[in-house]
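In order of appearance the chains are A, B, C and D, and numbering begins at 1 in each one.
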Amino acid sequence: MIGRRLRKHVRPPRRTGSVSGNERINTLNDGVFAIIITLLAFELRVPQVPEHDLGQAIWTMIPTILSYTITFVVLGIYWVGQHNMFLHIKRHDRTFMWLNILFLLIVAAMPFPAGLLIRYGQQQLAVVIYAATLAAAGLALNLIWWYASHDRRLVEKDIDPELVRFVHRRVLMAPVLYLLAIAASFISLTLAKVFFVVVAVLYILPNPLDHYHHSQVTRQEMLSE
Amino acid sequence: MIGRRLRKHVRPPRRTGSVSGNERINTLNDGVFAIIITLLAFELRVPQVPEHDLGQAIWTMIPTILSYTITFVVLGIYWVGQHNMFLHIKRHDRTFMWLNILFLLIVAAMPFPAGLLIRYGQQQLAVVIYAATLAAAGLALNLIWWYASHDRRLVEKDIDPELVRFVHRRVLMAPVLYLLAIAASFISLTLAKVFFVVVAVLYILPNPLDHYHHSQVTRQEMLSE
Amino acid sequence: MIGRRLRKHVRPPRRTGSVSGNERINTLNDGVFAIIITLLAFELRVPQVPEHDLGQAIWTMIPTILSYTITFVVLGIYWVGQHNMFLHIKRHDRTFMWLNILFLLIVAAMPFPAGLLIRYGQQQLAVVIYAATLAAAGLALNLIWWYASHDRRLVEKDIDPELVRFVHRRVLMAPVLYLLAIAASFISLTLAKVFFVVVAVLYILPNPLDHYHHSQVTRQEMLSE
Amino acid sequence: MIGRRLRKHVRPPRRTGSVSGNERINTLNDGVFAIIITLLAFELRVPQVPEHDLGQAIWTMIPTILSYTITFVVLGIYWVGQHNMFLHIKRHDRTFMWLNILFLLIVAAMPFPAGLLIRYGQQQLAVVIYAATLAAAGLALNLIWWYASHDRRLVEKDIDPELVRFVHRRVLMAPVLYLLAIAASFISLTLAKVFFVVVAVLYILPNPLDHYHHSQVTRQEMLSE
């Protein structure tokens, strides 16, 4: 193969081949997120009751609507998270695609633990399954970043090492907090749920990574002027 | 970080970092709309009746088919609305993504109030929930435009101020009319529904914004000739 | 507005403004088609019978599998049809987006008449609804082409007039045949179904439009060499 | 038509016309895969049992979760497979689109044989249907490659012949192994299932094709430096 001959002359081979252009992987991920949040909403069924009981029927749907909103927010966190991470990943290879499929496997299953938490919120098992699933999603995302950034495998060769470390810390924050939530669940389920809220707030608030994105854009604009 | 050093020299920092390239946000939004309208259609179930009762069974499906069409049109209005708005938004940041997720949260839930309106059209509660949901979607869209256009945060720096104001007025039109519909529902449900039809007609008809789009394209063509 | 001033000097205004870049409309359409064909497949449910009855249970699923395949082919025809047409459409405006939404409204509903035809194939009503829906989809597609190509509104100004006429004839072919099928259904349901097969075969076979696409590409390659 | 005149002068005509730009076909395929894996996950329903029976209820869901994971992996194999193949396909025509629709027809139906295998794993019929469906998907993919690469119809004219042969061999590997699994099922169902695991492992592991992708990128980088 031409490939084999070329490789000898040019540079030390990377461990796996990779190609640029991640549009299709992004389309797959965006598609999965779009479908989950839409299917969630579709669970809000029009009640079939006599006309004068409508108010009561809507009232009993409040937990379902709450559940919908919470899962929406959690999925939003992971969509924004992988979106921001993938801004820095410029190439992909087979292993990366499979790590991404692993991440989607966990994300696509998220409505299940979320529904479990709403329905059985007073049972430790539900709290633990919820926290474990979200921790697994965060770990999968961290694994993707480790794979992509190690040896600058799939990122720019001159990527800021500070940025690589920062993304690692930021993506690990959720799994660590969720594991703490699991530990806390042995003491108090309410304490565990406080952790869930803390994670959401931490990820929705703007943070230093956003500033980095800003400055990168600024730099590019400067270069192209 | 390189970013921090650069930022000092170049220009007064914006409040949050932002990056260009909204393709993935568009894919997410288009995906959500595509799925909702398809799932709606999927509710049209083949009736399971004896062969000679088919005509009757189809006849009883007319309200469902009507409901499908109306929700389709309403979703169409919001898809076209955000599509036209996003033509002018060139960048995104974390807050923008979350405002967009809020918009999707409301849009994805729309089949519910639409179904409610068809099933319980004679109940004020159904009319109010329908109008409130659509007003909320319009307000979320307006919030997105306010955030994106304020200080020219995510739009072109030299965007026509007239255009910014025009989009604001146009996007606010629906929530205002829906709030009027809620007020009207205390007098007459039929009057409230007239408002719903008025909104649809106003948004489907071509309007000055279309002319603006036209002229922008003309300008670009002139420059590139 | 800058737009209004510019327009006076440059060229006679088109009736509505239009912008180039149809990527998001394509994403919406591809999304709708992707979801329909997947939801169709999802109707193939694993039977819940005692183990030794599996063969029999699979056997009774043959009509469902057949229905799935036929609807898949019909949807394929319309996806390929709009795909090829949209290759020539370079811009869009509000009216175009609403005509496209009308087309999607009909396409998204197609599993319903297809299911009707399988379940009630011996009833004229089912045959007529099926033919009428597919004729409507074809007419909507033709309306889109008429709108886009009239006055070269949304296509290249120097588009081959022969091509414009050819696409018209080709897209009208299906509705004409489906209307003939409706007429035929008053004589014989079998004759009507023969028309359905004829339409499928005519659209799957390669045709002169394909050659035109080929030659366009050849021309571009020549110019860029 | 301009096309017909041009064609005579330039080069021997290919058998069918083709156009470059496969973005929409990719969007369709990614959409189908995204929807299947999400719908699969949605089958994981929150059990409705008394609170103290939750542990037991989760326990009985293990086979469903396992089924979900296996189908996810199988779909992942075919997504990665068509993704890598389509990297080399630069153009499309009507026949290619229909072969791709045939491939999607089989892929979209995959949750059915996968569910069958889990529910009726001790019945040869289920094992055979599962293997036959996956063999058919592989054969469809191979047909696509044969059509695209024969006479360099839809690939680069100077594509490495070694690569063309390698993709053929690699894509045929799965159908051959699945047909062997069908043969094995007459001796032992366990042996047949060993074949299924072997296929998964063979396709997830990195392979020479990845190295080829790597070297191609390296070559492009060299040229552009």
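Assume contacts are C-beta pairs under 8 Å (C-beta built on N, C-alpha and C of every residue); 3 or more make two chains touch, one makes a residue touch a chain.
Because the structure is a prediction, the values reported are computed rather than measured.
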Angle of rotation relating chain A to chain D [CA atoms, steps of 5 degrees]: 90
Most remote chain, CA-based centroid, reference being chain C: A
Copy pair chain C, chain D: interface residue numbering same or different (half cut): different
Chain B and chain C, separation of their C-alpha mean positions in angstrom: 25
Whole-Å separation of chain centres (CA-atom averages), chain A against chain C: 36
Chain D residues counted as touching two or more neighbouring chains: 23, 27, 30-31, 34-35, 39
Partner chain D, residues of chain C touching it in the complex: 23, 26-27, 30-31, 33-35, 37-42, 44-46, 48, 51, 54-55, 58, 68-69, 72-73, 76, 79-80, 83-84, 87, 160, 162-163, 204, 206-207, 209-219, 222
Complex interface listing, chain B residues touching chain A: 1-4, 6-7, 10-11, 13-14, 16-20, 23-24, 27-32, 34-36, 39, 91, 93-95, 97-98, 101, 104-105, 108-109, 111-112, 115-116, 119-120, 122-123, 125-126, 129
